Amino acid sequence: MHSLDPVILFFLLGLAAGLLRSELRLPAAVYDLVSTVLLLSIGMKGGVELAQHQQPGLLPQVLATIAMGCTLTLVAFPVLRYLGRFKRADAAAIAAHYGSVSVGTFAVAVAYLSNRGISFEAHMPLLLAVLEIPAIAVGIVLARGFSRDIRVGALLHEVFLGKGIVLLLGGLAIGWIAGPDGVGPVAPLFFDLFKGVLALFLLETGLIAASQFASLRRYGVFLVMFGLTMPLLGALVGAFLAWLLGLSPGGSTLLATMAASASYIAVPAAMRISVPEANPALSLVASLGVTFPFNVLLGIPLYHSLAAAVHRLLGG
Amino acid sequence: MHSLDPVILFFLLGLAAGLLRSELRLPAAVYDLVSTVLLLSIGMKGGVELAQHQQPGLLPQVLATIAMGCTLTLVAFPVLRYLGRFKRADAAAIAAHYGSVSVGTFAVAVAYLSNRGISFEAHMPLLLAVLEIPAIAVGIVLARGFSRDIRVGALLHEVFLGKGIVLLLGGLAIGWIAGPDGVGPVAPLFFDLFKGVLALFLLETGLIAASQFASLRRYGVFLVMFGLTMPLLGALVGAFLAWLLGLSPGGSTLLATMAASASYIAVPAAMRISVPEANPALSLVASLGVTFPFNVLLGIPLYHSLAAAVHRLLGG
Amino acid sequence: MHSLDPVILFFLLGLAAGLLRSELRLPAAVYDLVSTVLLLSIGMKGGVELAQHQQPGLLPQVLATIAMGCTLTLVAFPVLRYLGRFKRADAAAIAAHYGSVSVGTFAVAVAYLSNRGISFEAHMPLLLAVLEIPAIAVGIVLARGFSRDIRVGALLHEVFLGKGIVLLLGGLAIGWIAGPDGVGPVAPLFFDLFKGVLALFLLETGLIAASQFASLRRYGVFLVMFGLTMPLLGALVGAFLAWLLGLSPGGSTLLATMAASASYIAVPAAMRISVPEANPALSLVASLGVTFPFNVLLGIPLYHSLAAAVHRLLGG
Amino acid sequence: MNSFPRKLLTIVTEAAIENLLTQELERLGAHGYTITDARGKGHRGVRSADWSASSNVRIEVICDDITAARIADYLRQNYYDNYAMILWLEEVAVLRPEKF
Amino acid sequence: MNSFPRKLLTIVTEAAIENLLTQELERLGAHGYTITDARGKGHRGVRSADWSASSNVRIEVICDDITAARIADYLRQNYYDNYAMILWLEEVAVLRPEKF
Amino acid sequence: MNSFPRKLLTIVTEAAIENLLTQELERLGAHGYTITDARGKGHRGVRSADWSASSNVRIEVICDDITAARIADYLRQNYYDNYAMILWLEEVAVLRPEKF
């Protein structure tokens, strides 16, 4: 059933067009517009909900999310370094991608839940923004130790003032301040068009993902295996943590998806600046060429079942 | 009445702004976005309809459309070559433009029918995609014979994997797989905004068409005459064929419009690669400077009356 | 209350992101798209209203608006020249910015009124287009006298065929010809999305305004003072003129806002061509770095109260 | 391969005067030009191309020595003082000298 | 700083043949290329880049003298007659000669 | 026309380090720079500019010989190994030598 979600079909169309080397190409400006609208609308939706319902225990959840980001990075690193025999910088960079999160995957999971009428906690977009960051810091330390010559200024800037964080947090703030009535006038663009804009985003992501496939063979089986099993591990961790934090099944599905997803925009940019000796193709092939398609096509319904099962088994 | 269709007014505004050499200019990225949405939504609308109604006799209609594309090209060629005294390559290239089809004109005809509540067969977008191609092949053979040195690879690629075909067929497939309920979530973007997006597309097309007018005088009266009579001939052929195929009046209007229209995106690109010795300005002046405005401003209502008349006269 | 208008929050987000030197940046093509849609939809809305209601006394209002544009420029010039001790060219150029009008500010005022259900005269967009122009002519004459070597051709072109005028007047004509029913099909894009599109526009304007702040310190206190008091003076003039012309409170608010606002797109372009010796940074710092934020954050509700007060005090 | 020496004149300046400038170039004898969008920094500060007023264009003209000198002189006298603008000249080789 | 002489070949032509041309360049021995979007004017009129059919690309290739001559000759013979195209050659200095 | 010799240094590299690099350029003595968006192919494969991670920038700096050598050396030592990057140097003539 899930594979019939129309936004997924747009991803498959992009993937197919890319693999067939079609002339289809969307200008970078369109990608920028589409991702700006997505980020703002995810943030705003969360902010509006937050304005309506008190969210107790936000701080513990934020801290738990930070801890999860660090943990996933620290778990992925030795696997890549010793099982995968990657160079230290490469292992650290790839690990950071998997400790962080993909906003596109999150958006597909949101669409999945909303198509099924499943609600989730309002502040998930806040956790999304929070989870982007800690893996980057851990990755850099793994690559270089606590060395002095890290371009700390450029890095902090890149991380905290990157487009994703600013628009997510900005959207949250706007939704929270304006409230449900206040955002009414801009709802036709940011809420009604959400899934259509997501469809365009996925079309373009499909095209880009396809361009990573060419490198797949070169970088070998291990990276593919890693790109398929690391999300499963992440989802387990995320679903269990969600249960600990008392999240609803919808929220648990989202936290599991976030844990399972790998960054392909914020972290690559940060790694180019802070761990330049890492080969960026390795991380992108894994996160965009393997993990993103896997999560979007198969993972999300799986993580939903997983979250439901955890709730059933452990109660809550 | 027709001239009051607001989307037409946007075309006129673009035309006027272009002719007055206004500073108004839309970036190419906007044109790309707008045409992507148009192509996808035309395809999806067709796919959704196809999912609901069995379409018997699709194959004969596809074959008939292919035959029509070849015929129109073969008819236009000698007229251009012997009456118009164009060089062989030029005559072949122009003929190929008129044997193929303009998606923009099709979209205006769809808006025209929908404003009047006239329905049409669901698979017309499929025929639209099909009609893009055969004229290109015929045009190349007319220009160069069955010679060996045609860059077949590059050409096939250009033709079958061009943006237009991929998005039309991709949209059809998405609409067909997702069905009417499945596309619901993306309808606000792809269906509700259709005519607004078409308006922006026509504004930009008007600007581009105006830039062709400057060359009109240089290339003479014959090309103008050809650009006005060839669509009429095409419409006759299309309307008659539609009747043969048993299409409804709405579908007949569309097939007549398709036959009457001349490509100005897919075919020019293919001809630059495969018949480089043809002067691209000649084809563009005729198709974009003469035929497109004629069809959009006067042709479509005419073809609608024609289709109705054919149905009345021949029964059906 | 006003500061809760969500579109204003987008402006603040852009401003904050810009001041923090965030990586957030929207491509110029997005700005072009967004401002095209805004201009067309402001024009069309006016045109549709005009088609429904006879507007008596349009000509006197147009003439009065022209006179207001000239007057404001002529008032600003000596203040800048003698109090501000600016060079003649600089004083003339800045004055021209304040005698003209900012479409973005107008759009925020329209959103402000519509959120409060306050109606206004249909032809305000026409006055908006009219007000763009006279200050440019006056500014040039102030800078250069009636000298011969003005590039009159290039200038007239720049002024009358600039993007803003063409889209506003084009939109007016389309709305007027198509009427309320005719524009129905394009309403989802041009009317329903108006405030969402305005939000994106203001996000981007905030980013650009922030980049002007850096120069604020350099150009000194006088320019800031001027940028804060000139709009107040303009609003007084506008509100009083509106009362003379018999405009409604809504229309008066708009005319006061127009008078209070300073151009930052059309006039800078014209001045670069016609008064090149003027430093463009001075005008932009004042109009975009001071006056625009002031009007949008505080000015509009003020001008609304002012217009109401004038109506109360003078009757009407 | 026969090649012929020509001058390549490159101008970087404000996008606002693109139209004006191309007309001047033709008037001064250029047979063609190539334009790309650009951003940059110079004595008049950062020009980030975030919007029209801060955008640059980079204009290239291939021409003979005399035309190049004529254009360069003219721009220096008429544009340098009031516009963000730099230009430079290079020796290049072209294949069809009659074109330039 | 050790630097080594190489040729810089710049081609300005129709965007429609970008893919075709980059394949040819590699076949003719170029180890790389850099492309920017451009507009312009020449003997075939104004190419304003308003839409795909009127867009130009500006392609740069750094290579050795022989490869540069080979590419220039090939393009002159196979493309000049039918396409809006110009090209020019310059002497440049690079740091790592083995790359080009 | 009086003209003065200067160096034109052109760098093609990953868009991801544009900000970093312009800061370095200024620190190393450049008085200005011009940037255009680019795509291309080189030893590190195709960089198609379809999205940020695969985009290139093309940076030009006009400066004196010593500054050019300083920048080129610095980039070779600190950037060449880890980034898709090439650079080349040319002799150009400018009109106002004090600017560069």
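To keep things simple, chains are lettered A, B, C, D, E and F as they appear, and every chain counts its residues starting from 1.
As a working rule, a contact is a pair of C-beta atoms (placed from the backbone, for glycine too) under 8 Å apart; a residue touches a chain by one contact, two chains touch by 3 or more.
This is a predicted model, so every value here is computed, not measured.
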item	value
If a chain touches chain D and chain E alike, it appears here	F
Chain whose mean Cα position lies farthest from chain F	B
Most distant chain from chain A, judged by the mean position of its C-alpha atoms	D
Contact-richer chain pair [B-C vs A-F]	B-C
Interchain centroid distance [CA atoms averaged], chain B/chain E, Å	34
Chain A and chain E: spacing of chain centres that average the CA atoms, whole Å	40
Chain D residues counted as touching two or more neighbouring chains	36-37, 90
Residue numbers of chain C (touch at least two other chains)	25, 27-29, 33, 188, 193
Chain-level touch network, classified as line, ring, star, complete or other	other
Chains grouped in pairs wherever the two touch, ordered by label	A-B, A-C, A-F, B-C, B-E, C-D, D-E, D-F, E-F
Chain D residues touching chain E - in the complex, by the definition given at the top	1, 3, 6, 8, 22, 26, 31-37, 62, 90-96, 99
Complex contacts: residues of chain C adjacent to chain A	4-7, 9-10, 13, 16-17, 20-30, 33, 111, 114-115, 188, 192-193, 195-197, 199-200
Chain F-facing residues of chain D, complex	12, 36-43, 56, 58, 69, 72-73, 76, 80, 86-90
Of all residues in chain D, those that touch chain C in their complex	14, 16-17, 19-20, 45, 48-55, 79, 81-83
Chain D partner contacts - residues on chain C that touch it in the complex	25, 28, 31, 151, 154, 204, 207-208, 211, 264-265, 268-269, 272-273, 276-277, 280-281, 284
